[in-house]
Structure formats: C-alpha cells, structure tokens
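Right, I'll just put the structure down here and ask away after.
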Amino acid sequence: MLKTKLWGIEFKNPVIAASGTFGFGKEYEDFFSPSELGGICTKGLTLNRREGNKGIRIYETTGGLLNSIGMQNPGVHDFIKEDLPLMEKYGTVLIANIGGSTIDEYIKSVQIISGTSIPIIELNISCPNVKEGGMAFGLKAEIAYKVVKEVRNATNKPLIVKLSPNGENIVDIAENCVKAGADGLSLVNTFSGMAVDIYKRKPVFDNIIAGLSGPCIKPISLRMVYEVSKAVDVPIIGIGGIMDYKDGLEYIMAGASLIQVGSGNFIKPNISVDIIQRMEMFMNENGIKSIDEIVGII
Amino acid sequence: MAKEYVIGKIEENIRIEDGVYELSVGGNFSGNPGQFYMLRGWREGPFLNRPISISNIYKDKIIFLYELKGKGTKIFSQLKENDEIKLIGPLGRGFSFEKDEKAALVSGGIGVAPFVYLSRKIMGDIDLYAGFRKNPYIIKDLKENINQIYISTEDGSVGYKGLVTGVFNPERYTKVYTCGPIPMMKAVVEICIEKNIPVEVSMESRMACGIGACLGCTIETISGMKMVCKEGPVFNGREVVFDA
Amino acid sequence: MLKTKLWGIEFKNPVIAASGTFGFGKEYEDFFSPSELGGICTKGLTLNRREGNKGIRIYETTGGLLNSIGMQNPGVHDFIKEDLPLMEKYGTVLIANIGGSTIDEYIKSVQIISGTSIPIIELNISCPNVKEGGMAFGLKAEIAYKVVKEVRNATNKPLIVKLSPNGENIVDIAENCVKAGADGLSLVNTFSGMAVDIYKRKPVFDNIIAGLSGPCIKPISLRMVYEVSKAVDVPIIGIGGIMDYKDGLEYIMAGASLIQVGSGNFIKPNISVDIIQRMEMFMNENGIKSIDEIVGII
Amino acid sequence: MAKEYVIGKIEENIRIEDGVYELSVGGNFSGNPGQFYMLRGWREGPFLNRPISISNIYKDKIIFLYELKGKGTKIFSQLKENDEIKLIGPLGRGFSFEKDEKAALVSGGIGVAPFVYLSRKIMGDIDLYAGFRKNPYIIKDLKENINQIYISTEDGSVGYKGLVTGVFNPERYTKVYTCGPIPMMKAVVEICIEKNIPVEVSMESRMACGIGACLGCTIETISGMKMVCKEGPVFNGREVVFDA
C-alpha cells in the first residue's frame, strides 16, 4: 500500500532518512532495522575526506536546530570501502548525497559513485555550512543549470538535485535543474540562519551562518514543495521538519512523491518506523489504496 | 550493551540541594560508569533531548543527578512520580577503570554525578576531591564506596576554601578520573601529566542525536575531531585539546 | 540608557510594536500604557478600507503561526479620523505602516499620511497575504527600487521600507531600496508558508499561502538583519520572533538599531515592557551605557 | 471590567468524565457569563494561548470546564495543584441575558461549560437541553439553577437517543442560548427564527491574541466580518452566516 516506484526503482514506502541525520545507518541499528525504511541518504560525501568545522556545531532554536557540521565525511573512496558494504545489507534503496566545492569535484565524485551498487544520486548544491559547500551553486538559476548539466553527463543513474531554500527563486532554480537533466528534486536543505551569543558579543558559530532544520521550517518548505511541484514534472522529495505521519502526508498531498526525515531522527531514533506505520493506518482508515493517489491532491 | 529507546516512569525526583535534583526512573537499565542517556521529559518542549550521565544503576532503576541549567532541566525538575520520561541509551564510552584501583575522583559541581556509579564499580581504594560553588551535595550512595572525601567550596563555607585543584595531588594514586568544568579538568590533567599519572576526563558538548549520527558534538583532540557522544564522553586526558 | 535617536527622532527605547500585531494600540491599554514603548507601528493601512480574507486566518505551527489576515484595515481616511487621535495621546513614536496594490495607491496613501502628525512611514512591500498585497513589489530588486523611488518623492518624512524575506536576494533588494531613497529598512515581514488539512485534502487557507511569524523564524531573520546591516548604511529595524530581551539583544548586536515585537504580543500582552526592563538590567550588569554601543557589535 | 494578564495558581484540576476536566484557579477573577480567558499552562509548549470560556466564577476562584482536544488541552489535563497557569481576560462579549428570564440553554458536548455561570446569573426559570456523544457530564453547580434538564446522547445510553435538537422546542421560552458544534447551533437558530424567539449563539474560531488586535478570529456575519474574540464570542443568532 505504501509501495511506490520511481525512476524504475521500487520503494517499500515513501519514507527516507535524510542526509547528514542518519550517518551511514549503523548508529540506528540498535533501534530498528534500517531495512524498514523506504530508503537511506548517505551523509554528504565529497571527493576527499573532510574534517568539518571547528567550534560549536549544534545550537538549539525554537522548534529546531542550527547546525554547522561543515561536510565532515570520509570521502567517497573510504565510504565505498568501509561504509557501503554495510549499507548494502540493509535491503533498502540507497541514495548517495554528493557535495563539493567545484563542478569538477562534483563530477569526479558522481563518476566514482556511479561505479557502485548505489542506484540513486542526490546532488547537494545547497549546503550552507562550508565556504565552498556548494550552496553557491544552488542560489542562482543559471549556475544551478550549469552544474546540473555537467554532472548529468557524468552518470546514467537517476540524478536528484537537492535544492537550497536560500536561493533567489526556488521555482526558477527547480525549472532550470530539470531543464539541465535532473530526474527529481529534493527540497529543502537547511535554511541559512544564525545566532548571537550576547554575553560574548559574538556569533555562536565560527562560520557565523549555520543551517536551520526541524519543525520550525516546515510551513516554508511545504510551501516550496507545493510551488515547485506545480511547476515541474519530475518527482519531488519533500523535506523539512517532518516529525510525524501527518507532516509526511502534508508533504505528499502538497506534491511530494517521497519524503525525507531529518532532525526528527535525533529526537526519536525510530521515528520513521512510527511514521510508516501511522501513515499506513491513515490510508486504511481513509480508503486510500496507494500513496500515488494522494500525491499532489490538494 | 545495545542502545535502547524507552519510555520510563519516574519513581522519584527529589531536590537534594538548591538547584540540584536526583531523578530515579524505574526499570532494568544497562550502562557503565561514564556513559549517559539522552532524556526527554516532555512532549511539547525544547526541540532536542538532553544528555545526562548515569549517576547510578540498580537492578530496578536508574538514577540521574542533574543541575538546573535552563529550559530542559527546568522541566525535568517539575516532573513528578509516575510521569513519563523518554530515554535513549546507554550511550558513549564510559570510564575504562579496573577493579581495585587506587583512584582519585576529582569533580567540580554536578561533575560528581557519574562518580557515584564509578566508585561503586571500582570497589577499590578511592578518594574523592569534590569542589562546589557553595553548598556541597554528597549523596549517601556516594559515601559508601569512598575512602576519603575532600570537599572544597569557593566561598569556604564547607571544607577547603578555593578550587578543588588546590587540595589535589595525584601522586598518591594509580589513576585519576575527572569530571567538571573545563578549566578545572584542564588543571587536573596538567598536574597528572606532570606527575605522570593516567587521567581520564569526561567531556561535554552540545548534542543533537547522542548516538554518533549527526557529527554535531565534536571536540578537538590531538588525533583530530572526535565525537563526544560516541568516542567519548570519557577521553584519555592526554588526548583532549583543551584550548581549542 | 535605552534612549536612541534616529532620523532626528528620539525613541525612549528601541522596542516597537510590530504592524498588525498591536492594532492601533487601544486593545493593549488594559495591560500597560503604550507610552512605555519606544514606538508603535499601525496595522497595515491601505488607501481604502479592506475587509480582509475569508476562511481560516490563523493557524498555529511549531514555534509560530501562519496568518492570512489579508490586510483588513479601515483605510487611511478612517484611520486618521478615528484611530490616530487616540494614538497621538500615547506619547510614543508612531509609525504608519502602508500597504497597497499599485504604486499609485502607495503614493496616495503616503501623501495623505504625510499630512498628519505621524513622524515615520513604514512602507510594506512585503505582505504575502493578498493577491495584490504588495509582496510582488518586494521580491525583485528592480521592482523594489521603482516603487521606493516613486514613494520617496511623495513624502519628506523618514521612509522605512519593510522587506520581505521571500525575495530573491535580500541584500540586493535592501541596497536597491536604499539607493532609491529609503531612510531605513525593517526586516522582516512574514515568510510565505502553508499548511495542509490532510482530512479535507485541501490547503488550510483559502489563499493557500499564508505568512509565518514567531520564534521559529528568528534564526533566519536574524541572519538577514546581519547580512543587510553589513551592506547598507541606513538604520535597520530587526523583526522576527522576538520573545524576550535576549532575542532583542541578538538583533541589536547583529546590526539592528531598533527592534519590533510582533507575535510575542499575542502570548503576553505586556511582553514589550518585560523586554525593555530586562534589556536595561542586562546593560547595567554588563556596563553598557547606551544601546548605540552594541548595535552591530558582533 | 478591565482585562488583565495574571499568573494564577491551580487549586484543582479534576477529570469529571472521559476526556473532560474541571479546572479551578484561585484568585479574585472578573467576568460575565459567555466571556472567556486565554490560558497558557506551560512555559515551553504550543505557541499560542488557548481560549476557554468562563464556566463559573466564585469570589476566590474561577472555573473552567474543558475537553481534551489536542496538544494544549493535553498539557492542561496534566496540570496539578499549585502549578502555575497564565490567564488573560476576561475577554469578549458574553450573553446579554436579563434576570428572571424564562430561558432555554441548548448545548452540545463541552458547549455546556458557559451555561453553569449563565444559569446562576439568570436565576430565572431555565431549562437545559444538553446533548452529548455518550457519557453526559452535568456538574453539580449546573443542576442547582436549572429547572428541567433534557439530556440526549447520540448512542441513547442516557436520555433521549439522537441529537439535542430532536427534543428541543423554543416556543415555551422567551430567550434561547446555544453553545456547541456549528451544525447544532445552526439548527437551533433556524428553529428559533421560525418560531420568532430571540437566540444567542456562542461562536468559536482560531485565535491568536484574544483581545481584538490581530484580526485573526473573524467570522462572517450579515453585517460583515466580525471578531469572535471582541465582538463575540456571543452573537445574536440571526447575525451569524453559518454557511460561510
């Protein structure tokens, strides 16, 4: 009933663990079997290992958190060697989230990942947390077009582009990514935000700006999913503040074919299992036979 | 020990000193001294769970000792018998003690919390050096397994007047454990290094997941960034870069 | 100590009631004397009376609310006749918040208000809640430039432009408004957001999109205030999710000369009095002699 | 009566029926029948305050009757004696009753709440028609001032089986007051109009400020949009456009 097929790939259910909030899955194994998920996005991967940012990396806000992780990751090579083999055992759809600082870096990483069993690539052109974190690529429609176009040529796998909510005009950017060959769009990544330590009279984060996530952003990201889904014809992955099945259904009805759960994983490690079960119950009670019936129904 | 997400029931939540509480949650919990749990004592409340060290574990309950700090601990302090609390744990790496050590435990303020359980497990010849701003809180369960207790208060109202590091000399011990404010731990580590005594520190940092997934809780160590929630909270004192 | 002078006008303190959240002041008289405030922004005024939107107008979200009031107001004429005389008695700085659907309407309203005792005009080019609510003017830098330029010529009073956080690039827009003659900038107005009623399978609001406010938006609006204050030389009014003196100080340290309290008024009608008092305490404790010392200090 | 923002102390919060609670807050509160307060029983919790009608007022306390609905009322239900609750009120326009009327009060579910106070104030010859889904809750204080109580339940477990409008005939009364679900109030108003009996309705809508400042709580009336919090919650039944 929750099953859905996109890009020729079958998803057990539309609930995917969002990049950067689920590691490579193994931290959650104690709490539930990742095979219950519709899919898992890897932590954002770059060509080479990155240490991430110094200073405070997490700061709670009302209804969410700011993070300034700064793309810490083992790099694609070590990922493939050490983490991927474990992830392959989960028996769920894997999505490689790829970050980068240059178009060239994106292309190289995507080519390398294309040589693996991973069926889907999510191109992160929207990380606000490193100077050269890719968000620059996601802010203007023409630049987004250029990077997606080039990366598109580097892989035959379904290419999903993860959009920034901080861009100039999300519908424009979305349309350009699709024109450039994106097979799907994920939205959104974190919102650029900040906090001030009034005692030290300094920004809380070394990097000043950090990324806001959690239920606080949901009304905005839901609106973006709605607007973009009206404008483009590729499947949308809805992300932002999903904490329960109701939130998930709002995204689906607003136009998302799949959803990703991010910060919610921190609050309750098995939150996605709840969402999957309750979503199924809701569908039963409301005579909905397949998720596809309600995608974009509003 | 597998981590678990459980909904526990509060057995007791008592104020043991100004702004310091002892919380018992019923159930059969696991964990080693120095490990912690992520706690959530609310449905609507602060977004993130709060990390609190295991202060003690009995067959049928787990005990946390916490200090009023802000929004989350304020809500903790208002919880009553039979209220629900969500727990994720046990988390992180605890102290790597050995039975029957001759150990010194050096704490500042609420840093004394994990030493209740640690002293019970070491069962050796243990002294405690506990510094407090003013009113000391040495709970009964702690006294039981400790030889000598050296208390210091900043205002001198009880015990030695000044910082705990003023009375502490590591030379008499085979191992030192410390938990408290950074400047205190730094000072303790420095003396231990000087005297060549092994020292373990229990670190804090802001956490989101508590399980090693978000990479949010890193601190600098001599071998790079490390996650407090998974590679700590207990580190070899020589590893931590205190001035990061 | 909290006193500050901007545009030649003295403010008792930097705390102003935000437009649309304080009516014309009289609803709050039972709770405190509005004269304690640094200033009051009127409900958004248009040339002619407006009835506002139908359907649900308020919807709670995590850490905030969506509103779809839709510019309900008595029109500038009735405002001047019926509400202004009462407001004049408050003995605090009044700011007329002016909305509109056409440049012409803005100009006419501003001219009319210029003929009154009101010392400051806040031009709202950022209301997301009516089809022709002005937000269209606030989304693109060139259009913002045009409307501000024309309105600028219609008044000699200090003209503050209230920016939308939904625009293409807030720094660009801000710079254009200043170039066009804005004497100050207020940021931000509400974020475009939405909610879905999953039982009815419909958007909650008749208008689909509504405006998000409250502490949920604070990290983002604070970041915008910071970025804009670095880019322009006019005073900034910081707005968004201010619930206590700490929030207010964050805005001030990030670059705001004044702050506005909006949704917070709904939670505690005398919230601004608390903020003013605690801010003064903080300054005392931290040896800050004047607010001006810490504006933009980070 | 000036509106106030006060922090009150809870005297009692008792479950009187499945999902229905009676909350007393100590203090000298003012208000007329049909007026309401905005309540906040939390520090960290839902963003907005919750509007709840005055169910009764005594010299030293105010009483609210509320039904578990969602997040906010859930927190209300967990409040205990001596807990704090913030109140803004009294708000809105209440019922415009006259002493000694021969009145009918027609309620659906928790809509019965304001009638406790109203019946006490009218002190006339009053009948109550109270519909419930199943278990009726007619509190003692309500019975005291009412002549006849006609209960109906949807499942027929108590009283008349069916909707309250099935047993209600306005002809015997000089004035009708109704509070409950929209379809019920609409039906009541229609019969009253037919029989030419004055009728007042207590309306609900989603509120932010509760004091007339945000313009968020409007409903449609025959004379335009009106604020429930300030121009209501009680309206002349003939004024409200129920099918908006």
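Per-chain residue numbering starts at 1, and chain names A, B, C and D are given in the order in which the chains are listed.
One rule holds in what follows: contacts are C-beta pairs under 8 Å (C-beta built on N, C-alpha and C of every residue); 3 or more make two chains touch, one makes a residue touch a chain.
Computed from a predicted structure; not experimentally measured.
One simple way to say how far apart two chains are is to compare their mean CA positions; for chain A and chain B this gives 36 Å. A separation of 46 Å divides the Cα centre of chain A from that of chain D.
Once the centre of each chain is set as its mean CA position, chain A and chain C turn out to be 34 Å apart.
Chain contacts: chain B has residues 46 touching two or more partner chains. Residues of chain A found to touch two or more other chains are 61-64, 214-215. Judged by the touch criterion defined above, the protein chains form a single closed ring in which each chain touches exactly two others. Pairs of chains that satisfy the touch definition comprise A-B, A-C, B-D, C-D.
Touching chain D in their complex are the following residues of chain C: 20-23, 27-28, 30-31, 43, 51-52, 54, 56-65, 67, 69, 72, 214-215, 263, 265-270. Partner chain A is touched in their complex by these residues of chain C: 61-64, 66, 139, 168-169, 191-196, 198-199, 201-203, 208-210, 212, 214-220, 222-223, 226, 241, 243, 246, 249-250, 253-254, 282, 286, 294, 297-298.
Per the touch definition, chain B reaches chain D in the complex via residues 42-46, 71, 74-75, 80.
Across the interface of their complex, chain A is touched by residues 2-5, 40, 46-49, 86, 88, 206-218, 220, 224-225, 230, 244 of chain B.
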